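What follows is a pair of complexes built around subunit A, which joins subunit B in one and subunit C in the other.
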Partner chain A sequence: MSSHPKPEPVGDVVGASVPKPDAREKVTGRAVYTDDLRVPGMLHGVLLGSPHAHARILSYDTSLAKALPGVRAVLTAEDLPPVDIGAVIKDQPLLARGKVRYVGEPVAAVAAVDPTTARRALELIRVQYEVLPPVFDAEAALRPDAPVLHAPRGPGHPNAASHIRLIEGEPDGAWAKCDVIIEDVYETPAQQHIYLEPCSTLAEVDPDTGRITLHTSTQTAFRVQAITAEALAVPMSRIRVLVPRVGGAFGGKVESTNQPITAALALATGAPVKMTFSRTDDMTMMRSRHGARIHMRTGATRDGRILARQVRIYFDTGAYADDGPFVANIGSYFARGPYRIPHVDVECWCVYTNKLRAGAFRGFGNPQIHFASEVQVDRLAEALGMDPIELRLRNALETGEKWLGGAPVESGTLHACLERAREVSDWQRRRQRAPPAPGKRRGIGMAAVAHVSGLLGSSATVRINEDGSVNVSTGAVDTGQGSDTALAQVAAGALGVPLSQLHFSRPDTDTSPYDWCTGGTRTTFTVGHVITQACEQVREQLFEHASAMLQRPVQQLELRPGGHVGVRGEPGTSVSFGAISGYALYVAGGPILASARWLFPAWQLDTQRTHVEGLTSMGNGFFVFAAQVAEVEVDELTGHVEVLEAWSVHDVGRVINPAAAEGQIQGGFVQGLGYALTEELLWKEGHLLNPTMGGYKVPGALDVPRAIHSVLLEHPAGPGPFGAKGVAEVSLVGVAPAICNAIRHATGANIRRIPATGERVLRELLARETQGGH
Partner chain B sequence: MRYAEPETVEEGLALLAAHDDARCLAGGASLVAMMNAGRVAPGMLVSLHRIPELSDITETGDGLWLGAMCTHRGVAAEPRLRGAMAVVRSAAGQLAHPAIRNMATLGGSVCLADPHTELPAALVAASARAEVAGPGGRRLVPVESLLVDGFRTSLQRGELVTRVFIPRGTDGAVGHHLRFSRVSSDYPTVSLSLVLVMDGDTCRQARVVVGASGPVPLHVDAADQRLVGTRLEEADVAEAGRLLVRAATPLDDVRGSAEYRRMLIPRLLGRALSQAREHAHV
Partner chain C sequence: MSDKVSLSLCLNGAEHALTVAPERTLLDVLREDVRATGTRRGCDEGNCGACTVLVDGVPVLSCLTLAVRMRGRAITTVEGVQTGAELHPVQRALVRHGAVQCGFCMSGIVLTAKALLERNPSPTAEEVRQALGSNVCRCSGYARVVEAIVSLGGRP
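Here is the complex of A and B:
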């Protein structure tokens, strides 16, 4: 992976803050999302949720619902193929079969002529349950006598969806050599994605061929096609997936949402069916970030060398595994942090409980472990009397050093990020504490951040049209973050054409080349890579023809901005892409097109160096680094925390679109701010207490700092386009620990549980007062 | 569902009398949201938008009459709400967010009687009275006695609130509203409304009302009296705060535990009093 050619982009489109072409239609409300689609004869689908957290289904009676005028289909598990789906563990039916495992779990589906009739039909469905004892806490679920959710899959506790162990060095012996040891238990919440667009699917069945077309809000057309085919036991070739504009996803639309069940309703009725979730159905039925409890102990020598760490992580994956075991992989893989700690013992459990499933969410296990690690490292700095940035610089991995498990860090730019963060935030001065407003205390905190960019398979097709314009087709979904724009810029820069001459196709499983998913901080990085590879082949074809047309050897040719090939050093000589394309189409060679494909290599685990149990590779891992700083004011009376200003410094390798990258970083910071201070699903006896935007609070415009400074460092490296690295998830990962470290700097309060609500912070402040702290 | 837009209060009352399941539509900020959520399904909606007198604002020697259809945005911008009356203006300006303040109305806030929002507590602190029109004519009711329980008023079927009187209060009085919420624009976790009269450093009058800490705005005479005659020193405020906490009946909910609310009441009382005193010196 080390010797990829890094051609410089042609022209000035790479690195320009090109506006997103879909921005205008979105701000004027014209953009077409799935729920905007209407077709003749369309029915509306809704789902009936379970009222119990854990119960056996004894019987159904759907006769009253079916008899309601306007109802066209009522489905239960008895009407569906006996298939369970799941990315890692096949544990999940489309509609509960035999048992329900969380409150809100879909039990029945209705299609009717309008949403009101459909909802009325739900009230007429009778389901008899035998209530079973539930379990709501991940550690409690691992006790021998805990209620069991799923049939055992092998030895080990049946509620453990995965169990990982990673050991390096000799952790047991190392503690004696540590001068300072910090130990705490950290807790992080089930955060929800709160994409603005709730999950939505329109399914149509062709009456002649039986082919199912899905228009849906998703991060991946191809996974939706595969999962729907699997769930309905039909061949993939019978399913086509198209993706209209997507109103945010953040990991919540990585796996299937309501596509398979909507397709099942369309098959059952023979009519088009649309299912758009209400916000409450979406919050109750879809998925969240994994809540986690992390026991962590870290020790260092007096001179600030971190020697040993012991970690035990419990990820609560809810009723179904979903992406949980993968999330647990990332959480474990990052448990050492970006530090050279010689002695490490990591144990990680991913555990079933009777709650909403947890799955992929921006950061994917990493925000949880970063919260624990970065708060603990800060406390270590405090105990050592060292500046927090200084301690991190002393222990940060550099290029060529090994990650936990033995993979090399190929572009170790954490030092650069930390140093720039120190400079741009005016760290030394602010650390002296500016005078706060009356009744407030002020502090500044930071976190070092590491993440991985890129995984799994991507492909791209690039072709030159007769007029010299360029079509790029990838199958990648733009979820609103702007990847269509960035990827178009990559192609334009690789071939030297203006964006006005470039058409970037939207995903369609019939015609687009495969892309795994918009997730894992991979789209610009991985899809951008295959675009540059395809463009390179197209360039070779263009040069071959131009060589014949200009009567010059290929070695003397160059790409010129505007879609031309010319002779190097001879400004007067050039042929346009249009002329070359005409030559190829009518004189020699045939149409100009090329495809490129790539599977990101699996991560390396050096089992000589590391004792590894239970860690499976999805094959991701180009390391990327960042540093985040937050300045806060804490209200002494209420405990309320206000973030005044923030700095987020990222090595993006190469900036493709500065405005888009800065926007994505600011968005990540705000989502991280919600995670740190306000966002948390709350349950009482298995029932969600806040499945509304009124009860579950994301930060609003007045709750974000007056400035979030996005700072882009460019250290090009690796296979990404022109050396670009991913940034999408990274900007969320360190926000919570940076804010909590700032709270501790301001008040001394050691926040171990997020969100750091006013109530939790006030209790910490009062506890310190009674202990005589200050 | 039927919909009507009467042009006089009397027409409105006739419509209410003729339909058992009629509801008044004021700003619609809460009612329409509840209808969308399927929580209420009125058979008849009587819009109050076309009744001119409901938007009138009239100043008298004793205070200000605010029409029930005045929006919170309008109330927040009303310069005649000075002195003691400023508690209402202050609360209206902090309620929810601009979109809600543009829609929602004073009369709507009174009739909804939501204990978690700003206006009920502020109106009680201001000793406001509501004019209620019904089949038997019009009567004036103190807002404090109109609010009988969470989301319940003493209004009878077929009655509507036409306007609210905010008394001018004692010369030199200041009114102030302080809210605390998880994020801006959320419902308050706790709010404090007060009217204060100072004579130098000595408190001559105090009327303190706590919002979001029980089914109706919490007003405790003994707490007011505990402050009167004192210099509002820490012990005085703490003791008054204790009296309020003792009478408070907050609930655990997503905005905070009952215990947190009990912690906040005396803390916010101190802050509200000192902020009000700053206003008094301006």
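Here is the complex of A and C:
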């Protein structure tokens, strides 16, 4: 991939903190989100959730609900095609069929003239269940006598959605050579996205053609189109998807949300139906991050060479596989960390339990494994009497070295990130511990971070209008992170036009070129790549015409800021894009337009090097690196942890929009802070105890550090636009271990389970005191 | 279901004659009856702040407020903050500082900040954080939001 040319942007738009074009409409309230839409005759949809974690459905009686005035449709699985959907395993019905597998699982859907009537109808639906024994713990679900959620598929364990094994070197023999070995069990919570805009869809059916138009809050117009078509057994061409403004997503809107069932209600009633979840329905029916339990052992020599690691991961995917097997892939793939550890044994289980399904969430398996790995590496440093950054520097992979499974690290900038983090955080001095406030203990901790940028397919079309302005169309969804702005800057920089002369289209499956999804830290990187490729073709067309118009060979031409093609070395000789476009439209060649497409190449694991089971290739690639540092104060009386200051150092390759990148990093840090300290879905007997934003605590303005320093390093490399790399997920991945390492530095408490609530921190502190130290 | 009552709502300086059921919230009436959809519904139970409006200049969670209690009160929603095409300084600062991501929290934050600046024209960062205590933002980590609001007061 290093063979890709890296042209320099024209003008100064790339690297500028230009305001986002949609910011104005968002601060004035004019921005239109899906729930803001209303069309004549529109009905309101709601879903009935299961009261049981695991039960057989014996019968339905919907007659009372259907008889309620104002009710237009009541659907159960019996009214839907017998289709199961799922990104990896086809195991999810739109509405529970035959049995329910988690409390809150949608069992019936109602469309009525107003939300109140629709909710009242839910109360009139009678479902008879035969309760089955449930299982709530991933390891327990693998026991031979565990209740089985799904009909067994093949020879493996019936509750295993996936099982992976990766072995390199000779892990069994390596332990004897280790001078220090640390072993622990780590647990991470089911964090929830809490995108501020609950899931929402408006479905309209054209009475003449039967065509379904969906307006919906999603990360991907094209996946929604494909999944809805599959679920309703209708041709994809009958479905059009449009995406209004999206009020946050973070992975929670990667797969279908309520689009297929809303479309089913629209088909059943022949009327437009809008379904907007209440916060509690969203929290009980949608998804969370995978809770994980990770058994990890790492050994090193006295001089700080990490020699061996053994890992066993259990990802709890809840009632349905959803993106769980993909999450397990990433978790396994990152289990060695960004280190050259010669002897590694990774085993990973992705397991069904009778809880809310877990799916994609910023970091995608990586925050879980980073928590275990980075806390353990820190303890290793402690046991070796080494500085934590020093130990990481000694073992960090560099350019040209191989990842677990054999993929090359093409731009190994972890060293640069670690060194900059040490410098900007004034690490050496703060490690000496400034005197804390009375009753508090202070400490500083860090984590090394690696992630991947790039995944699957994208395309872009770029055209020059008659007046020389530029239209760019990609199909990529801006979920609020600012990709529309960054991608417009990429196009403007590739062609040398001001942003005011560039129109960036919103996704529409009828007219936009395909984009797989806004996810996997891929949009700026992958879609940016295809935009630069399409712009390069457009440049060639512009030059071809300009050559004829200016009577100069193409080799002498250059792009000039402001949308001009000029002759190199002759400032006075140029022709505008508008003039060239007119020439193309009316004299020769035809309209100027180009498209480019790309499928990010999957990496086939090197089976010569690595013993591989359950994973043959990785679709994600291009490693990106970061280092995160947190300074904390721990209250001795309450165990409460306050993060005082934070540093997040990222190699972004090339900065497209500094303000946007820094804002995304700060936001990622705070989501990671929530993961580390407060956020956790809690269940009792399968019932979610905290499905409200009152019971589930996301960080507020008073809970965040007084300064989160985003530091952007530029080591351009790879196929991203002008050498840019992704940053979206990376900023969350290392936060929990950095904070927990700081807690240990402050107090000695070895936090192995997050969130590190006051109670858990206190318990660790007390345990430490009873043991009389470590 | 109770009988509907008539209600004159003073919204952004204009009177709206409405007929509403007494149990309906201000948020509902704003979004569904007046179609002022700039006021967002994030949780509908007073935990997220996306539905914040000003009642006689004071920030109020419209999802916890009955519409009929608003007789004789002056309500300001995000639609009433700018003057013509001119953005309010708070709105301008949020845009300029790159504080806006998904935007769903922004209506509430704009109004909370406006009320804060009216009673305290030069808030410190700590005072801004205190004022924003009820406004959840899931994207920005608050850093640029606080920076934008503080920048208006000319204090560090």
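What we mean here is this: the second predicted complex is superposed on the first by the 769 of 774 C-alpha atoms of A that agree within 3 Å, B and C clash if a C-alpha of one lies under 4 Å from a C-alpha of the other, contacts with A are read in each partner's own complex, and residues count from 1 in each chain.
Operating definition for what follows: a contact is a pair of C-beta atoms (placed from the backbone, for glycine too) under 8 Å apart; a residue touches a chain by one contact, two chains touch by 3 or more.
What you see is a predicted model; the values in this text were computed from it and never measured.
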**Fill in**
subunit A contact check, subunit B vs subunit C, more residues touched by chain C
**Request:** State whether A:638 touches subunit B only (first), subunit C only (second), both chains, or neither.
**Result:** first
**Request:** May I ask you to decide whether A:197 touches subunit B, subunit C, both, or neither, giving the answer as first, second, both or neither?
**Result:** second
**Message:** Just to be sure I read the superposition right, which of the two partners does A:439 touch: subunit B = first, subunit C = second, or both, or neither?
**Reply:** first
**Message:** Between subunit B and subunit C, whom does A:700 touch in the aligned arrangement: first, second, both, or neither?
**Reply:** both
**Item:** Touched partner set for A:36, first subunit B, second subunit C, both or neither
**Value:** second
**Message:** For A:27, using the defined touch cut-off, is the partner it touches subunit B, subunit C, both, or neither? Pick first, second, both or neither.
**Reply:** second
**Request:** Would you check which partner chain A:482 touches, where first means subunit B only, second means subunit C only, and both and neither mean what they say?
**Result:** second
**Which superposed partner A:757 touches (first subunit B, second subunit C, both, neither)** = first
**Asked** So, A:666: does it touch subunit B (first), subunit C (second), both, or neither?
**Response** second
**Prompt:** Looking at subunit A, which of its residues have contacts with both subunit B and subunit C?
**Reply:** 694, 698-700, 702
**Message:** Give the list of subunit A residues in touch with subunit B in this complex.
**Reply:** 119, 439, 637-638, 640, 678, 682, 689-690, 694-700, 702-703, 757-759, 762
**Fill in**
Within the complex, subunit A is touched by subunit C residues 31, 35-48, 50, 77-79, 81-82, 87, 90-91, 94-107, 110, 125, 128-130, 132-146
**Item:** Of all residues in subunit B, those that touch subunit A in their complex
**Value:** 38, 97, 180, 182-187, 189, 253-254, 256-257, 260, 263-264, 267-268, 270-271
**Item:** Residues of subunit A defined as touching subunit C within the complex
**Value:** 17, 19-20, 22-33, 35-36, 38, 193-198, 245-250, 276, 278-279, 479-482, 659-660, 662-664, 666-671, 692-694, 698-702, 704, 706-708
